[in-house]
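By letter and in written order, the chains are A, B, C and D; residue numbering begins at 1 in each of them.
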Amino acid sequence: MLNIIVTLPFLSSLLIALIYLGNTNAKRFVLYTSLGIGSLVIITTLSLMSLYDMMQGAATIHTKLFEWIHLGDFQIEVAFMADRLSIIMISFITFIGTLIHIYAAGYMKDDAGYGKFFSYFNLFMGSMLLLVLADNPIMMFVGWELVGLSSYLLIGFYHQDAANIKAANKAFMLNRVGDFGFIMGLSILFISLEGHGFSFDAIKANIALIDYQTLTLIGLLLFVGAMGKSAQIPLYVWLPDAMAGPTPVSALIHAATMVTAGVYMVARFSFLYIQIPDIGLFIASIGAFSALFAAIIASYQSDIKKILAYSTMSQLGYMFIAVGLESYSSGIFHVFTHAFFKALLFMGAGAVIIAMHHEQNIFKMGALRGELKLTYITMFIATLAISGIPPFAGFFSKDAILVTAFASGHYAIWTIGTLTAGLTAFYMFRMLFSVFHARKSKAQRVLHPLPKCMTYPLIILAIGSTFAGFVGVNGAYGGENFIAHFLQLPDISVHLSHSSEYMLALLNVSLALFGMTLAYKLYGHRAKEAQPDTLFKKVIINKFYIDALYETLFMKPLLSLSRFIATTVDMKIFDGFLNYSILFYRVLAGQFIRLQNGKVRAYALYFLLGVSAMSLFLIYKLGVNL
Amino acid sequence: MILTLLPALPFLSILLGAFVLMLLSHKKSISLESFNVTALFFLTLALFFELITFGLHSGDYLYPSIFKNFFIFDEFAAIFDVMFLIGTIFTLLVNSDYLKSRNYFSGEYFALLLFSLFGMLMLSHAHELLTAFIALEIASLSVYALVGYHKSKKVSSEAMMKYMVLGSLAGVFFILGTALIYALVGSTTLESIALYLHNAEEKDITLLVVGGSFLMVTILFKIGAVPFHSWVVDVYHGAPYPITMYMASTFKIAIFAIALRLYLVDFATINSFWLEMLQIVTILTLIGGSFLAISQTLVKRMLAGSSIVHSGYLLIGLSSIGLGSDIAAPAIMFYLIAYFLSAVGSFGILSFIASQSRRQMSYDDFKGFANRRPYMALMMTIFMLSLAGFPSTIGFLGKFYIFSAAIESGQILLAGLGIFTAFVSVYYYFKLIAMMYFYESQTDKQKSFPLNVSTLSIALIALLVIWGGIGTSLLSFIPGADGFIDLAKQAINSL
Amino acid sequence: MSADPFFLLVAILFSIGLIGVASRKNLFVVYMSIELMLSSVNLLLAILSQVLGDANASVIALLLIAVIAAEAALFLAIITHLYRENRTLDSDRFKNLSKVR
Amino acid sequence: MNYHILSSIIFLPLLMAILLGVMRAPLKVLKAGAILSSLTTLLLVVRVIIDFNPKGGMQFMQNLPWIQNAGITYSVGLDALSLVLLTLIALLMPLLYLYMLKEHRKGYWYNMLLLQTGVTGAVLSLDLILFYLFWETMLLPIFVMIGKYGNGLRQYNSMKIVLMTILGSMSMLFSILYMGYIYFETTGAWSFSLYDLATIDLSTKSSIWLTAGFLLAFAIKIPLVGFHTWMAPAYGSAPTPAVVIMSAIMAKLGVYGIWRFGYGLFGGTLHYYTPTIITLALIGLLYYAIRAITEKNLRKMFAYSSGSHLSLIALGIFLSNIYAWGGSLYFIATHALASAGMFMMIGITYNRFRSVNIEQLGGIAQKAPIFTFFFAFFALCIAGLPGTGGFVAELLIIIGAFKSSFLVGILSATTMLSAMLYIFWMLQRTLFGASHNETKIADLTLKEIAMLTPLVVLLLLTGIMPSLFIPYLEPQLLGGF
């Protein structure tokens, strides 16, 4: 079953690609749609079935497709493992993935590259499922890299515009920097456990063989991978730019699924990370810092998708706080809920964008709530969810994280998390109000009609955003924290009285409400774009100049180094050495040939000199006394 | 009586041929081709006699009652004879086109060539220093005359003048050396010298060493070793193509015939006196030759310069003999063959081109040659590769044996230098290939391959060059590289 | 009587010839220098014949004279030829061959 | 049959060339003959692969006396190492012939035939002189192809590659001769057979010098940093088939040489050079990659890319553990396939646009999607994307590097970054963006697709199921060299 789940999207992707390349101009809307969505429907059904089985208490599923490589002790199989963690992941990935596919069918309908899009999209699904279901870290890494590839392809989907490709390159490169760390971590892990097998189970069983230092190093390096993939400081800069891709892509890849791979990875290696709490704290700090940082930037952005992108980064920060503080299940819980409301937000944003004829600046929209009623309502729900207003999904998951932070005694992280929660509410509602409430900026506009397949998924997701939180209601709210029990991850146990939890929740909710009110005050009627008039604003609007910093710090030196090598090292040093040696020989030859002056008496003189030298040699050799 | 004359028949037929040609050369009515055929007839006759008497008379002397032991007949001499004869035959065949294209050739040319050949034959058999000198002079004087054969051309006369002045100067040293040796030994036969040296434990052999060194000066001069090299480039350039070819290939072999005889056998015990000197000369020759060769723009002069480098390789072999390498002497012989084939081939192509036009062939003139004459260019490439010592040609095996000998005798640095100059030589040989293939010619008309004696013999030589490089013991009925080395070893052993 | 003065004479003659070849421009003088060298060697052989009491050396000397004569024939021919062509015998003027490379 | 099979594989193209040359074959016959010979060799190689026994060590041996006086034998044989290269050659040749199907210059075809014999012979020979012969012979067609059919400063560049390569091979020749002599000194007989020479006990000092002779030749061929200045000009000037062979086969022969002869003859002494080579290889890995970033000529860019990856391969060999070895060997194959594809694509680019300058390209993706797919696919293969063979190889080498030392591990893992530095920027500027000219560009023809598809399939296969191939190599890797 797992084999089918993983391979089917790959196969359909390949099939669509072949058909597409066969004739790129042909419109085969139905064919591509049925292939692309059909395969997803099948695997969604399959994954939900397995989820059901698992909930009935079925054991972890292991399947082996074939042996990938066997060289010495390096024995890797293309094998899949569905334990409780991964089954949760694939369930919502396939579910939301299917919805977004359906949505995309509407969104991309008129695009010339429709077939290509579905090929890429299915490729992404396959890669993501491979990542999640992999039985060993190497296969996970393969999936890890392939999702990076499909993300690259999809970001650069509109390749006519060089800026999009640039964004795609940036995404892939920064992901690769992360992968660079990841592969090093994996290699060290493998070398440390050489001969003990390399499936997750085997690693878990033998984790005690590795000493603390090495383990710390491995943990750190693996997290570098997560930083790249999940857009955490300092490797986050690609995510806002990644919004260059079609909106369904942003919804699926850069919000709901791929970016959470880092969180999933940490959770998958939870057995490793519980051994090294220091690294855990580091992860949490990075998460907290990223969350705040992204929230600040988001508050000053005006591109609807970029705001969502920064909010994604911010939410990912929360997740890392959770997994860093060894509360893996609450991290995964947030991944789960976030997937619903963030996908919803993006799809809503996409709908708005389509309706507005590809206008993405929120300050050029305004007062859409009447015309896009359904979109408005669903997005409102999602915004409530992300802001952590009970009883929407986000409340429970975010609360669980903040409670953990508080309980574990890392108050600084907790403070940042709480502040960010308020800020989240502010900037999300800022966006919502600017788009749907504020006065319209232009008098006349004709909205592009939205097809049904773009709106129905919104409803489904809105339902999800509303109720998804209930799977993780913890004791304080009378639930049993079903998801945490189901996942069976090595969570830290939190000891906090119910009253403290209520207090924390109250604080969060009031902060969120405060942010919401503030947003309404500022943007509810007259939305105005932030102007870089003060230094403070300027810095924030320019995203703290991090992009420029990276440019000067890495790209420019590399380019000048490259030119330096081309013009100086290669030409002057290596070639120069050769050329000068040759020149030296030629100059010597030139001097020598000047002896060849054509005068016969000169020739006789050389003869004479030769004979004289010989005679002197003989005198010396024979020891003749003169 | 007649039977004892049998081994001398090759000599005699050449001498007879020379005289016949000389006498006939007055008749203007006889065409050049008839002369050519006549010369070839005598050469073939000599070769035939040589082959049927091959190995019959090892160690015999020619009419000891008359000549005492001035002339020896052994396999060593015989094999050199065969080389001279074949060399001359090839020289005549390859240049038949060139002869036709130049009006200054006449019957004397063939007569002189055969006289010079007669000198060489004598040289390989000479077992006495004065005989060797006279043989050398016969060969040289004829070659002097041949160099200046094109008497209306200034450079030809100039080349002859230079060669004569310097050649006579070198010749003087030979007889000076002979006189000095005679002063000590009281005889000039090689036997008695060897005998003297054999019993020379307590005697003062200074004079012998000095005399031997002077002999060596002449030999070094004739093969063009630095610092006695200065004539080579000029004379090779000034001489008509057939003569250049003849000097570079056959004449050089002749010099080594006497050099090997002297240093392998008679002076073997005192070789160590010369060793350092020889090594220094070798180093100078290798480097100086490559200096000369890379600076030239005329292909003929480049080949002249490179022939100095090849002499350097041969000298490596000679000094290896001094250090007691077993394979050095066959290596030298093999190298001579290899160089002979490649040089005859490359000069042959030059002379073929010269027979079509009257330009001096510079590198630039070869531009687009491959377009005009693809097969010629291919053969030229083969010869260049062989000269450069590229594997799968006979030139590679030649270098292989020489360097092996050098390493065997412990002259690692010399072998290294040899390999280095071989590397340098790749530059000037490949430059010619590059010129032929990589540039478009002005006239792009492809000419068909002219089927005549010259070109066919060049093609035959090209095949031999390849066969010599890859000829295997698989086909035992055709002697490959192996067969020749065996022969050379046998010849060396016969000394 | 010691033969040493004669040997010295031979050496001097030989050296004069050698230096003459290397220093004189006139081809005729060059030729004479070579002849001088050859003759000095002949003289050496003659002395040796006397010193060693062996006639062989004299025979060699005689033979050599023949060789020298042959050489002389060629030499004189080329010298006259060169003079006829160029109206000069200055050897330094004959350097056409080194003008091209 | 099996006794002669390797010789047939080696000499079939040469014999075909001679036959065609002698009968002065017209162009059509020439093409047919060349293709026929390449297909026949491919079939023979398939036969060899079928009969190949991974555990059998050296097999299909043929030993014949050649020049007995010097102890030179004609001795060929095949093990897993040579099998990889042999298969690559046999596979690439028909594809290259397909590529150059329209080529009307006869010399081109003859050179390709000669080239095939040269490289095949070098891969299979077990006698050092024989190896040297083929090693030099394969240079000749390259020399002519660059100089005659190339572009740019072709004459100068072909001279440069020849001179630099021959400098290396001359030093190797010296070492070979010296080895032969030492064997002669110890046993009294000359021999240049690899197995005979391997039995010699060398003193440390001379062994170090002799190894240097070999290593210089291989370092220039690979080329390692410092010995590389011939590379970019030669690749830039050479016509596509020659570039493919240079990058896919000849550069690998440098590595092969280290493996076969370096380890075969001087196993112990090689360690003396290990730090040096590893340093050079690590420098090369980054040096070439950084150099490639600003390179505007696609051929030269991928020349540097080739250099970068070959440095990694060389690194893997000197790390001497099974993962790195396996990785290197695997990389030899996969990089050959990928770079062959890449250079063919660049050749096709040149045919379409008359330029390989990045600045003059751009916007191809809009006009030629199939072209774009293949181009991007090979570029990504070179970047080592999972699912393609290059990834497997790089992964193995990185693991091997970490096994040997942490520092080397980190530095070699930068291969993950190095290729991407230039590849993605290059893709951005060549394939995507707005197109510079409005001319209509034909997409790939069926012929071109047919010649590229085998490479794509193989690259995917090597990436997805390495277990199909590794078993052929593993026994030998485990056995060491």
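Keep in mind that, in the parts below, contacts are C-beta pairs under 8 Å (C-beta built on N, C-alpha and C of every residue); 3 or more make two chains touch, one makes a residue touch a chain.
Keep in mind it's a predicted model, so treat the numbers as computed, not measured.
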Chain pair with the higher count of C-beta pairs in contact (A-D, A-C): A-D
Chain whose Cα centroid lies nearest the overall Cα centroid: D
Per Cα centroids, the chain farthest from chain C: A
Separation of mean Cα positions, chain C and chain A [Å, integer]: 96
Computed distance of Cα centres, chain D from chain A, in Å: 37
Cα-centroid distance, chain B relative to chain C, in whole angstrom: 27
Chain C and chain D: spacing of chain centres that average the CA atoms, whole Å: 65
Multi-partner residues of chain B (at least 2 other chains): 161-162, 165, 169, 233-234, 295
Sequence positions of chain A contacting 2 or more other chains: 593, 596, 598, 600, 604, 607, 611
Pairs of chains, among all present, that meet the touch criterion: A-B, A-C, A-D, B-C, B-D
Of all residues in chain C, those that touch chain B in their complex: 14, 17-18, 21, 27, 30-31, 34, 37-38, 41, 44-45, 48, 51-52, 54, 56-57, 60, 63-64, 67, 70-71, 74-75, 78-79, 81-82, 85-86, 91, 94-98, 100-101
In the complex with chain A, residue positions of chain D that touch it: 164, 226, 228-229, 232, 287, 290-295, 322-323, 326, 363, 365-366, 369-370, 373, 380, 385-387, 391-392, 395-396, 398-399, 401-403, 406, 409-410, 413-414, 416-417, 420-421, 424-425, 427-428, 431-434, 465-467, 470-471, 474, 477-478
Complex contacts: residues of chain B adjacent to chain C: 130, 133-134, 137, 141, 144-145, 148, 151, 154-155, 157-162, 164-165, 168-169, 171-172, 175-176, 178-179, 182-183, 186-188, 233-234, 237-238, 295-298, 301, 360
Chain B partner contacts - residues on chain A that touch it in the complex: 585-586, 588-590, 592-593, 595-596, 598, 600, 602-604, 606-607, 609-611, 613-614, 617-618, 621-622, 624
List of chain A residues in touch with chain D within their complex: 17, 20-21, 24, 66-72, 74, 116, 138, 141-142, 145-146, 149, 156, 159-162, 165-166, 169, 172-173, 176-177, 179-180, 183-184, 187-188, 190-191, 194, 558-559, 561-563, 565-566, 570, 574-575, 578
